[in-house]
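To keep things simple, chains are lettered A, B, C and D as they appear, and every chain counts its residues starting from 1.
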């Protein structure tokens, strides 16, 4: 006999539902920007959702957070100053703080409430938000990025989906400002949605089009995130000159001795080898 | 107003459900070995299920069928004789018949009814089952493979999951017979489940252990199949000597001019670059 | 292991879902007026849905069809001529044909396809549609009822819900025409929705208001139909003079010796004893 | 855009699911006897579940609680001493305390935690648990009822379903002790499950058989509870001599001027008029 049938469902499309059995709802808060929930689940451990969209699960967040940080850090292990936009759960910060050479991380998160909830309920990701190199700015990332010039070696746009609070982060103006804010060897990494379901692939194409118009080098890499729609997820890699593959400094990165669960330097190269249909979608978006 | 709420649900685990909205059930037949259903859906086109497990969708079958065939064919473009076990939907056959050099394909499918249903309802995959090089044997693959010696250049085990009719295809004895049936440059490709959910990863480990004990070279490669549990799917590549990466004959394969939607020779290499946690699971299974 | 998870779901409200496990979809047809489906289910036997709304199940259709016919027939066992509007499944006709005194039944069903499907897949209800006293008119009931004057002893409005094809059957003009078409001892019975969920209770109030303005006697009676939203279902009883309770001719009806599974003459009286909140909703609607 | 798809589902049978959209889980507690949850929902207000079974909703609890109390109180308005078994939510107590003549109510609830949760989250039902006539005993009702002899004018068994903590309350021994504990004009009311789904109707038959063997007068009455399986719910009425219909003291009860939302003295009589199939199930159970 089942003791409780309580299910969180995300509609991946109007015709596809992904449902997770919930043991218990740990918190539900209506913030100024979005509704924030944390669930306890058997399959995925704690699960964070924003406005009903799954953001982070304890079971597979390592994939997202390793891939969004170690890929640029292995291309340029000398990165010192990082700007992270979004990322209220802290997972990206956790991975970045593992690099001793990183001197300062500016984290710009619009929703103070998300950080508060994650500190309380998701220590697995939020554990390094108190690191002294981390400076949290509770502001709109869109505005924040207008000011700095030639300042950051790395910008990570760890945003929610391109509707709701994260909407502006997928525009041309925004990516232009990112370019300006980056140093000569600067890298921009962004959450890039997925190539599979209609709405996701349109967001992917839109983002790619805008980044490509702002950066000389712009590509995407892929990974498996089972709890995201289709499980086929992309991040964008853009730069003023560094190539994500040719400039990979595998030896140096491996010399750091960082233990990872998903990322390695072979997989780094493999992740940039995209299926034909994804390459075609990206090309199409640039027309 | 929604005209019909009819949903097919697959339980990826007891705590995870994946649901597809169904327009119409096209056929439902209880065969001698399994229940066979085909659904019409908005998101995925026609969907074939066996005993309630999703096997093939028109939207993403190309990923499965390209990856199960072109990977070995690009390592050894001179393959002439192929044994395919399972594969009643015909998708694997469709891809194999694109190679002119392939002279004979023995397809061993235990369930005659699956082939009949696919011919009628899934011409997209079943379109080449009448090719004159294809010889269909309605037999148990487990038994069929006991006889041939040094006969096939390629064996593809395109099986269902390791319970029900496909169960025996995941045993040590079976893989030993495959080895014997292969020629000197022979390759074995097998459906290898997934590393993410508990039951799938155990099946993956079991299969890997048995293949490794029979073949000197044995590894796995990964792809994104959004409609399979977790979307992170693996195939096994085993051989008597050929390496899936070092022996990749990219130039020759690209010279064939085959148009593909997922596969390409860069992705071929990338697919063998596995995440750390998958490599650890595989190593663990060999202990 | 479950062999197939295929579920039909009806949204009783945006926040309430009722789901039935389906063994097999027997037919799905898009008619001129609505989509028609029949499902095979373990719990309810065959289930008929129109535009995704559950209409009839083999398990509990007897409740609906006994209550829509025997209540008026027990008040006036001399009924000879009956007009039935809707009722394409045939269940109401089946019950009416049990009365030898009934001489003629005009059945007006707008959708020829529904009758065809029910004859093929639902013989349990459609079994008496060939009775020689039954005359089927494939017309709009709304128009049909404009012509007859002082002709029918009983009109049964066995309609679908008040949206889609059944919409016009819930209007004032329609009920006025019904009054005109009835004889002096005429009775109008109508499907009257439910008092529980918001949308249903508004339809109930609207229908009651319109019938009350056309008939001197107008009340409702209740029953338990587990597969309808809330399970609390109502029919309307209106007449030119006959009281549904004081004029109940229990002795005569019981003398007919009809075997029923739900209806009896005690329950007849009990069905008109409504909960306070239902009476208040009805009164409110007349204001 | 939907902000949160969180659904509580009760399996009415293996083939029927009833699902309620949840805004928020207010509390989830594992007590000594059962898991206790309260949900906030749009459709039903607050919903209490025990071990995943829906017990009380703010929207329709009035039906249950009015019918379990006013039926016996209208048959014998002179009831002074009442034993209530179960009823931790307090709804039955709330209705009983409306009678000035009632002098003492012994409430025996095995699970102290249920009472605590309801006091905090369900004041709508728990509001009268502090009435000075109410004496709460946190004990097993099965044991409690062994002691009293000729003491109570009314026993109400407001139990959960006949599995889990409520199991013993459906046995022969238990009903025999109830008989002994009642005064000459004593009445026993019990939650009697439903006649519709297989498991419920078997519980109904079992309970009826046991009560009938202990009491000279034993019958059941029905009501509409939309959130319970099938919506067709039964309570048992047993007594040492009083008839639930012939002894109804409608005049006296109506003289009390109690305002009710479901119950009235006409409906009281109507509720005992059962469908044929329910009467047959009850007769069958006595064989």
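Definition applied: contacts are C-beta pairs under 8 Å (C-beta built on N, C-alpha and C of every residue); 3 or more make two chains touch, one makes a residue touch a chain.
Quick caveat, the model's predicted, so the values are computed rather than measured.
Chain A maps onto chain D through a rotation of 180°, based on Cα atoms and reported in steps of 5.
Chain A and chain D have Cα centroids lying 53 Å from one another. Separating the centre of chain A from that of chain B, both taken as means of CA atoms, is a distance of 32 Å.
Once the centre of each chain is set as its mean CA position, chain A and chain C turn out to be 57 Å apart. Within chain D, the positions touching two or more other chains are listed as 7. Chain contact topology: the protein chains form a single closed ring, every chain touching exactly two others.
Here the chains touching each other pair up as A-B, A-D, B-C, C-D. Listed in rising order, the residues of chain C touching chain D in the complex are 7, 13-21, 41-43, 60, 63, 196-197, 222, 224, 226, 230-232, 260-264, 266-277. Residues 1-11, 22, 24-25, 28, 35, 37, 49, 51-52, 163 of chain D touch chain A in their complex.
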